[in-house]
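For reference, the structure I am asking about is given below.
Labels for the chains are A, B and C, by order of writing; each one numbers its residues from 1.
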Amino acid sequence: MVTHREIRVSTVGQDDLIDLTDDVAAVVASTGVMDGVVVAFVVGSTAAVTTIEFEPGLAHDLPAALELIAPRHGHYEHEARWHDDNGHSHVRASLIGPSLTIPLVKGKLTLGTWQQVVLFECDTRPRERTVIVQVLGE
Amino acid sequence: MVTHREIRVSTVGQDDLIDLTDDVAAVVASTGVMDGVVVAFVVGSTAAVTTIEFEPGLAHDLPAALELIAPRHGHYEHEARWHDDNGHSHVRASLIGPSLTIPLVKGKLTLGTWQQVVLFECDTRPRERTVIVQVLGE
Amino acid sequence: MVTHREIRVSTVGQDDLIDLTDDVAAVVASTGVMDGVVVAFVVGSTAAVTTIEFEPGLAHDLPAALELIAPRHGHYEHEARWHDDNGHSHVRASLIGPSLTIPLVKGKLTLGTWQQVVLFECDTRPRERTVIVQVLGE
(Lines give C-alpha, C1' and ligand atoms only; values in the text may rest on other atoms or scores of the structure.)
Protein backbone atom coordinates (compact mmCIF):
# COMPACT_ATOMS: atom_id res chain seq x y z
CA MET A 1 0.00 0.00 0.00
CA VAL A 2 1.31 3.43 -0.96
CA THR A 3 -0.11 6.71 0.35
CA HIS A 4 1.02 10.16 -0.67
CA ARG A 5 0.52 13.39 1.26
CA GLU A 6 2.12 16.81 1.29
CA ILE A 7 3.09 19.00 4.22
CA ARG A 8 3.34 22.70 3.47
CA VAL A 9 5.33 24.99 5.74
CA SER A 10 6.40 28.62 5.64
CA THR A 11 9.98 29.28 6.70
CA VAL A 12 11.48 32.56 7.86
CA GLY A 13 14.62 32.00 5.77
CA GLN A 14 18.26 31.26 6.62
CA ASP A 15 18.76 28.67 9.38
CA ASP A 16 15.08 28.14 10.17
CA LEU A 17 14.59 24.71 11.74
CA ILE A 18 11.03 23.36 11.74
CA ASP A 19 9.83 20.30 13.63
CA LEU A 20 7.82 18.10 11.24
CA THR A 21 7.46 15.12 13.58
CA ASP A 22 3.81 15.58 14.54
CA ASP A 23 2.79 16.27 10.95
CA VAL A 24 4.58 13.18 9.65
CA ALA A 25 3.15 11.03 12.46
CA ALA A 26 -0.36 12.32 11.67
CA VAL A 27 0.06 11.32 8.01
CA VAL A 28 1.16 7.85 9.06
CA ALA A 29 -1.76 7.49 11.49
CA SER A 30 -4.22 8.56 8.80
CA THR A 31 -3.08 5.75 6.49
CA GLY A 32 -3.56 2.96 9.00
CA VAL A 33 -0.22 1.42 7.94
CA MET A 34 1.23 -0.59 10.82
CA ASP A 35 4.46 -1.96 9.32
CA GLY A 36 6.49 -0.22 6.66
CA VAL A 37 8.43 2.96 6.10
CA VAL A 38 7.70 6.64 5.71
CA VAL A 39 9.77 8.81 3.39
CA ALA A 40 9.95 12.58 3.93
CA PHE A 41 11.38 14.48 0.95
CA VAL A 42 11.69 18.26 0.59
CA VAL A 43 11.10 19.65 -2.89
CA GLY A 44 13.82 22.15 -3.87
CA SER A 45 17.58 22.38 -3.70
CA THR A 46 18.10 24.85 -0.82
CA ALA A 47 16.48 22.99 2.08
CA ALA A 48 17.20 19.68 3.79
CA VAL A 49 15.51 17.04 5.94
CA THR A 50 17.25 15.23 8.80
CA THR A 51 16.71 14.29 12.45
CA ILE A 52 17.92 16.31 15.43
CA GLU A 53 17.01 16.91 19.05
CA PHE A 54 14.68 19.85 18.47
CA GLU A 55 15.73 22.52 20.95
CA PRO A 56 16.98 26.11 20.58
CA GLY A 57 20.62 25.31 21.39
CA LEU A 58 21.06 22.94 18.46
CA ALA A 59 19.01 25.23 16.21
CA HIS A 60 21.98 27.58 16.68
CA ASP A 61 24.76 24.97 16.66
CA LEU A 62 23.87 23.17 13.42
CA PRO A 63 24.07 26.28 11.20
CA ALA A 64 27.15 27.46 13.13
CA ALA A 65 28.95 24.24 12.12
CA LEU A 66 27.87 24.61 8.50
CA GLU A 67 29.18 28.18 8.51
CA LEU A 68 32.67 26.64 8.84
CA ILE A 69 32.33 24.60 5.65
CA ALA A 70 29.96 26.77 3.57
CA PRO A 71 30.07 30.30 5.00
CA ARG A 72 27.20 32.59 4.11
CA HIS A 73 29.49 35.36 2.85
CA GLY A 74 32.11 33.17 1.18
CA HIS A 75 32.87 33.19 -2.55
CA TYR A 76 30.66 30.95 -4.67
CA GLU A 77 30.83 30.41 -8.41
CA HIS A 78 27.08 29.87 -8.25
CA GLU A 79 26.60 33.45 -7.08
CA ALA A 80 29.06 34.83 -9.65
CA ARG A 81 27.07 33.16 -12.45
CA TRP A 82 23.53 33.80 -11.26
CA HIS A 83 23.94 37.04 -9.30
CA ASP A 84 22.16 35.70 -6.25
CA ASP A 85 23.25 35.16 -2.65
CA ASN A 86 22.55 31.51 -1.88
CA GLY A 87 25.56 29.49 -3.04
CA HIS A 88 26.14 28.37 0.54
CA SER A 89 22.47 27.35 0.79
CA HIS A 90 22.79 24.92 -2.10
CA VAL A 91 26.01 23.43 -0.74
CA ARG A 92 24.57 22.96 2.77
CA ALA A 93 21.36 21.38 1.44
CA SER A 94 23.25 18.94 -0.81
CA LEU A 95 25.52 17.86 2.06
CA ILE A 96 22.65 17.05 4.44
CA GLY A 97 20.32 15.80 1.74
CA PRO A 98 16.62 16.23 0.92
CA SER A 99 15.36 12.84 2.02
CA LEU A 100 14.80 10.77 5.15
CA THR A 101 13.41 7.23 5.46
CA ILE A 102 12.03 6.10 8.83
CA PRO A 103 10.76 2.61 9.72
CA LEU A 104 7.20 2.20 10.99
CA VAL A 105 6.53 -0.40 13.67
CA LYS A 106 3.03 -0.94 15.05
CA GLY A 107 1.98 2.24 13.29
CA LYS A 108 4.61 4.41 14.96
CA LEU A 109 7.78 6.11 13.73
CA THR A 110 10.82 4.48 15.37
CA LEU A 111 12.30 7.77 16.57
CA GLY A 112 14.10 8.22 19.88
CA THR A 113 12.56 10.43 22.56
CA TRP A 114 14.86 13.33 21.73
CA GLN A 115 14.99 12.71 18.00
CA GLN A 116 12.72 14.82 15.82
CA VAL A 117 12.19 15.01 12.05
CA VAL A 118 13.13 18.50 10.93
CA LEU A 119 13.07 20.68 7.87
CA PHE A 120 16.22 22.80 7.75
CA GLU A 121 15.87 25.96 5.67
CA CYS A 122 19.19 26.81 4.03
CA ASP A 123 17.97 29.56 1.70
CA THR A 124 18.47 33.20 2.63
CA ARG A 125 14.86 34.34 2.22
CA PRO A 126 11.51 33.07 3.55
CA ARG A 127 10.19 30.18 1.48
CA GLU A 128 7.00 28.18 1.14
CA ARG A 129 8.19 24.57 1.38
CA THR A 130 6.51 21.37 0.29
CA VAL A 131 7.55 18.16 2.01
CA ILE A 132 6.34 15.01 0.26
CA VAL A 133 5.38 12.27 2.70
CA GLN A 134 5.17 8.80 1.18
CA VAL A 135 4.00 5.90 3.34
CA LEU A 136 4.75 2.34 2.14
CA GLY A 137 3.60 -0.70 4.05
CA GLU A 138 0.72 -2.84 5.19
CA MET B 1 6.07 -7.94 2.37
CA VAL B 2 7.47 -6.00 5.31
CA THR B 3 9.72 -7.49 7.98
CA HIS B 4 11.01 -5.69 11.04
CA ARG B 5 14.02 -6.63 13.15
CA GLU B 6 16.29 -4.85 15.59
CA ILE B 7 20.06 -5.00 15.94
CA ARG B 8 21.42 -4.06 19.35
CA VAL B 9 25.02 -2.99 19.76
CA SER B 10 27.10 -1.59 22.60
CA THR B 11 29.43 1.24 21.65
CA VAL B 12 32.51 2.42 23.52
CA GLY B 13 31.56 6.08 23.00
CA GLN B 14 33.02 8.92 20.93
CA ASP B 15 34.06 7.94 17.38
CA ASP B 16 33.28 4.23 17.70
CA LEU B 17 32.65 2.77 14.24
CA ILE B 18 30.83 -0.57 14.13
CA ASP B 19 30.41 -2.77 11.06
CA LEU B 20 26.74 -3.79 10.79
CA THR B 21 26.99 -5.41 7.35
CA ASP B 22 26.83 -9.06 8.43
CA ASP B 23 23.97 -8.38 10.85
CA VAL B 24 21.93 -6.54 8.21
CA ALA B 25 22.64 -9.24 5.61
CA ALA B 26 21.53 -11.91 8.10
CA VAL B 27 18.23 -10.10 8.68
CA VAL B 28 17.67 -9.91 4.92
CA ALA B 29 18.50 -13.60 4.45
CA SER B 30 16.09 -14.59 7.24
CA THR B 31 13.19 -12.86 5.48
CA GLY B 32 13.64 -14.65 2.16
CA VAL B 33 13.08 -11.35 0.31
CA MET B 34 14.85 -11.48 -3.07
CA ASP B 35 13.98 -8.08 -4.56
CA GLY B 36 13.37 -4.93 -2.56
CA VAL B 37 15.15 -2.62 -0.17
CA VAL B 38 16.48 -2.74 3.36
CA VAL B 39 16.36 0.34 5.59
CA ALA B 40 18.77 0.66 8.54
CA PHE B 41 17.80 3.41 11.00
CA VAL B 42 19.51 4.22 14.29
CA VAL B 43 17.25 5.32 17.12
CA GLY B 44 18.59 8.43 18.88
CA SER B 45 20.04 11.78 17.88
CA THR B 46 23.76 11.27 18.62
CA ALA B 47 24.62 8.39 16.30
CA ALA B 48 24.55 7.97 12.53
CA VAL B 49 24.40 5.26 9.85
CA THR B 50 26.34 5.43 6.57
CA THR B 51 28.61 3.31 4.39
CA ILE B 52 32.41 3.34 4.48
CA GLU B 53 35.33 1.05 3.76
CA PHE B 54 35.60 -0.48 7.20
CA GLU B 55 39.29 -0.34 8.13
CA PRO B 56 41.19 1.32 11.00
CA GLY B 57 42.60 4.18 8.89
CA LEU B 58 39.20 5.57 7.96
CA ALA B 59 37.90 4.92 11.48
CA HIS B 60 40.41 7.62 12.42
CA ASP B 61 39.97 9.87 9.37
CA LEU B 62 36.18 10.26 9.46
CA PRO B 63 36.04 11.70 13.01
CA ALA B 64 39.16 13.78 12.28
CA ALA B 65 37.31 15.50 9.42
CA LEU B 66 34.24 16.10 11.59
CA GLU B 67 36.48 17.63 14.24
CA LEU B 68 37.08 20.49 11.75
CA ILE B 69 33.38 21.32 11.47
CA ALA B 70 32.05 20.29 14.90
CA PRO B 71 35.01 20.15 17.28
CA ARG B 72 34.57 18.17 20.46
CA HIS B 73 35.67 21.04 22.69
CA GLY B 74 34.06 23.89 20.75
CA HIS B 75 31.33 26.15 22.11
CA TYR B 76 27.79 24.83 21.74
CA GLU B 77 24.57 26.51 22.80
CA HIS B 78 23.22 23.00 23.38
CA GLU B 79 25.81 22.46 26.11
CA ALA B 80 25.23 25.90 27.62
CA ARG B 81 21.51 25.11 27.96
CA TRP B 82 21.66 21.49 29.05
CA HIS B 83 25.00 21.37 30.88
CA ASP B 84 26.21 18.34 28.99
CA ASP B 85 29.18 17.74 26.69
CA ASN B 86 27.73 16.41 23.46
CA GLY B 87 26.73 19.40 21.32
CA HIS B 88 29.22 18.29 18.66
CA SER B 89 27.72 14.77 18.79
CA HIS B 90 24.27 16.04 17.82
CA VAL B 91 25.65 18.22 15.02
CA ARG B 92 27.75 15.38 13.57
CA ALA B 93 24.88 12.89 13.73
CA SER B 94 22.45 15.30 12.03
CA LEU B 95 24.92 16.00 9.23
CA ILE B 96 25.50 12.33 8.37
CA GLY B 97 21.95 11.24 9.14
CA PRO B 98 20.32 8.32 10.96
CA SER B 99 19.09 6.35 7.96
CA LEU B 100 20.37 4.32 5.02
CA THR B 101 18.38 2.57 2.27
CA ILE B 102 20.06 -0.22 0.29
CA PRO B 103 18.61 -2.09 -2.70
CA LEU B 104 18.27 -5.90 -2.52
CA VAL B 105 18.89 -7.89 -5.69
CA LYS B 106 18.62 -11.69 -5.70
CA GLY B 107 18.49 -11.55 -1.92
CA LYS B 108 21.77 -9.67 -1.55
CA LEU B 109 22.65 -6.11 -0.52
CA THR B 110 24.09 -4.25 -3.51
CA LEU B 111 27.21 -3.07 -1.64
CA GLY B 112 30.66 -2.81 -3.17
CA THR B 113 33.43 -5.12 -1.95
CA TRP B 114 34.97 -2.39 0.20
CA GLN B 115 31.71 -0.75 1.20
CA GLN B 116 30.30 -1.66 4.60
CA VAL B 117 27.21 -0.52 6.51
CA VAL B 118 28.38 1.18 9.70
CA LEU B 119 27.01 2.65 12.89
CA PHE B 120 29.01 5.76 13.80
CA GLU B 121 28.81 6.64 17.48
CA CYS B 122 29.00 10.41 17.93
CA ASP B 123 28.14 10.57 21.64
CA THR B 124 30.88 10.99 24.21
CA ARG B 125 29.97 8.04 26.42
CA PRO B 126 29.32 4.33 25.79
CA ARG B 127 25.78 3.74 24.58
CA GLU B 128 23.47 0.80 23.94
CA ARG B 129 22.22 1.41 20.40
CA THR B 130 19.19 0.01 18.62
CA VAL B 131 19.29 -0.12 14.83
CA ILE B 132 15.91 -0.79 13.24
CA VAL B 133 16.17 -2.97 10.15
CA GLN B 134 13.12 -2.88 7.88
CA VAL B 135 12.99 -5.15 4.83
CA LEU B 136 10.48 -4.35 2.07
CA GLY B 137 10.11 -6.49 -1.00
CA GLU B 138 9.03 -9.79 -2.48
CA MET C 1 5.88 -4.30 -7.26
CA VAL C 2 9.67 -4.08 -7.24
CA THR C 3 11.78 -3.34 -10.31
CA HIS C 4 15.55 -3.28 -10.44
CA ARG C 5 17.73 -1.57 -13.03
CA GLU C 6 21.31 -0.38 -13.20
CA ILE C 7 22.72 2.86 -14.58
CA ARG C 8 26.37 2.71 -15.63
CA VAL C 9 28.37 5.91 -15.96
CA SER C 10 32.02 6.73 -16.59
CA THR C 11 33.43 9.51 -14.45
CA VAL C 12 36.51 11.62 -15.15
CA GLY C 13 37.65 11.37 -11.51
CA GLN C 14 37.90 13.87 -8.64
CA ASP C 15 34.89 16.20 -8.31
CA ASP C 16 33.01 14.96 -11.37
CA LEU C 17 29.30 15.70 -10.97
CA ILE C 18 26.94 13.77 -13.25
CA ASP C 19 23.24 14.47 -13.72
CA LEU C 20 21.33 11.17 -13.36
CA THR C 21 17.84 12.69 -13.40
CA ASP C 22 16.81 11.71 -16.92
CA ASP C 23 18.17 8.18 -16.52
CA VAL C 24 16.34 7.66 -13.21
CA ALA C 25 13.12 9.12 -14.64
CA ALA C 26 13.41 6.79 -17.65
CA VAL C 27 13.73 3.77 -15.37
CA VAL C 28 10.64 4.87 -13.45
CA ALA C 29 8.67 5.44 -16.67
CA SER C 30 9.63 1.99 -17.97
CA THR C 31 8.17 0.30 -14.87
CA GLY C 32 4.75 1.92 -15.14
CA VAL C 33 4.76 2.55 -11.37
CA MET C 34 2.54 5.55 -10.57
CA ASP C 35 2.78 5.75 -6.76
CA GLY C 36 5.79 4.67 -4.75
CA VAL C 37 9.45 5.52 -4.30
CA VAL C 38 12.64 5.19 -6.28
CA VAL C 39 15.94 4.47 -4.55
CA ALA C 40 19.23 5.42 -6.24
CA PHE C 41 22.28 3.79 -4.64
CA VAL C 42 25.87 4.01 -5.84
CA VAL C 43 27.99 0.89 -5.43
CA GLY C 44 31.40 1.67 -3.90
CA SER C 45 32.76 3.75 -1.05
CA THR C 46 34.29 6.74 -2.90
CA ALA C 47 31.23 8.19 -4.64
CA ALA C 48 27.98 9.69 -3.39
CA VAL C 49 24.41 10.41 -4.53
CA THR C 50 22.49 13.54 -3.58
CA THR C 51 20.39 16.29 -5.16
CA ILE C 52 21.70 19.68 -6.30
CA GLU C 53 20.89 22.38 -8.81
CA PHE C 54 22.95 21.01 -11.68
CA GLU C 55 24.94 23.95 -13.02
CA PRO C 56 28.70 24.63 -13.38
CA GLY C 57 28.90 27.07 -10.47
CA LEU C 58 27.78 24.56 -7.87
CA ALA C 59 29.85 21.82 -9.53
CA HIS C 60 32.77 23.97 -8.36
CA ASP C 61 31.32 25.09 -5.02
CA LEU C 62 30.39 21.67 -3.58
CA PRO C 63 33.91 20.19 -3.81
CA ALA C 64 35.37 23.53 -2.65
CA ALA C 65 33.36 23.25 0.58
CA LEU C 66 34.43 19.64 1.09
CA GLU C 67 38.04 20.69 0.62
CA LEU C 68 37.67 22.58 3.93
CA ILE C 69 36.67 19.45 5.87
CA ALA C 70 38.49 16.70 3.94
CA PRO C 71 41.29 18.35 1.91
CA ARG C 72 42.69 16.37 -0.99
CA HIS C 73 46.29 16.73 0.20
CA GLY C 74 45.67 16.40 3.94
CA HIS C 75 47.03 13.59 6.12
CA TYR C 76 44.92 10.43 6.20
CA GLU C 77 45.59 7.26 8.15
CA HIS C 78 43.86 5.44 5.30
CA GLU C 79 46.59 6.57 2.91
CA ALA C 80 49.38 5.76 5.37
CA ARG C 81 48.06 2.19 5.67
CA TRP C 82 47.17 1.48 2.06
CA HIS C 83 49.63 3.71 0.20
CA ASP C 84 46.96 5.28 -1.95
CA ASP C 85 45.76 8.87 -2.38
CA ASN C 86 42.03 8.78 -1.71
CA GLY C 87 41.51 9.10 2.04
CA HIS C 88 39.61 12.34 1.48
CA SER C 89 37.45 10.58 -1.15
CA HIS C 90 36.23 8.03 1.37
CA VAL C 91 35.51 10.68 4.01
CA ARG C 92 33.58 12.89 1.57
CA ALA C 93 31.54 9.97 0.23
CA SER C 94 30.61 8.76 3.73
CA LEU C 95 29.51 12.25 4.77
CA ILE C 96 27.15 12.74 1.82
CA GLY C 97 26.10 9.11 1.62
CA PRO C 98 25.54 6.58 -1.18
CA SER C 99 21.77 6.55 -1.22
CA LEU C 100 18.78 8.73 -2.10
CA THR C 101 15.07 7.93 -1.86
CA ILE C 102 12.59 9.99 -3.90
CA PRO C 103 8.78 9.74 -3.82
CA LEU C 104 6.91 8.99 -7.04
CA VAL C 105 3.55 10.67 -7.59
CA LYS C 106 1.53 10.03 -10.76
CA GLY C 107 4.59 8.32 -12.21
CA LYS C 108 6.88 11.32 -11.72
CA LEU C 109 9.79 12.04 -9.37
CA THR C 110 8.81 14.80 -6.95
CA LEU C 111 11.88 16.93 -7.65
CA GLY C 112 11.89 20.71 -7.81
CA THR C 113 12.58 22.45 -11.11
CA TRP C 114 16.17 23.22 -10.15
CA GLN C 115 16.77 20.01 -8.20
CA GLN C 116 18.59 17.22 -10.00
CA VAL C 117 19.71 13.74 -8.90
CA VAL C 118 23.49 13.62 -9.16
CA LEU C 119 26.34 11.20 -8.83
CA PHE C 120 29.29 12.92 -7.15
CA GLU C 121 32.63 11.27 -7.89
CA CYS C 122 34.95 11.64 -4.91
CA ASP C 123 37.74 9.32 -6.08
CA THR C 124 40.90 10.74 -7.61
CA ARG C 125 40.88 8.68 -10.81
CA PRO C 126 38.28 7.99 -13.51
CA ARG C 127 35.88 5.24 -12.48
CA GLU C 128 33.16 3.14 -14.04
CA ARG C 129 30.21 3.57 -11.65
CA THR C 130 27.12 1.46 -11.17
CA VAL C 131 24.06 3.14 -9.71
CA ILE C 132 21.36 0.70 -8.61
CA VAL C 133 17.86 2.03 -9.24
CA GLN C 134 15.13 0.25 -7.33
CA VAL C 135 11.49 1.20 -7.93
CA LEU C 136 8.88 0.17 -5.34
CA GLY C 137 5.22 0.93 -5.76
CA GLU C 138 2.04 0.23 -7.65
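Criterion: contacts are C-beta pairs under 8 Å (C-beta built on N, C-alpha and C of every residue); 3 or more make two chains touch, one makes a residue touch a chain.
Quantities reported herein were computed from a predicted structural model and do not represent experimental measurements.
Colleague: Suppose you list every residue number at the subunit B-subunit C interface; are over half of them used by both chains (same) or under half (different)?
Modeller: Under half of the interface numbering overlaps between copies: different.
Colleague: Through what angle, to the nearest 5 degrees, does subunit A rotate to match subunit B on its C-alpha atoms?
Modeller: 120
Colleague: Quick check: how many Å separate the C-alpha centres of subunit B and subunit C?
Modeller: About 19 Å separates the centre of subunit B from that of subunit C.
Colleague: Enumerate the residues of subunit A that touch no fewer than two other chains.
Modeller: 68-69, 95, 97, 101, 136
Colleague: Using the touch definition up top, name the residues of subunit A that touch subunit C in the complex.
Modeller: My answer: residues 2, 4, 39, 41, 43-45, 68-70, 76-82, 87, 90-91, 93-95, 97-99, 101, 132-134, 136.
Colleague: For subunit B, which residues are in contact with subunit C within the complex?
Modeller: 35-37, 50-53, 55-58, 60-62, 65-66, 68-69, 95-97, 100-105, 110-112, 114-116, 136-138
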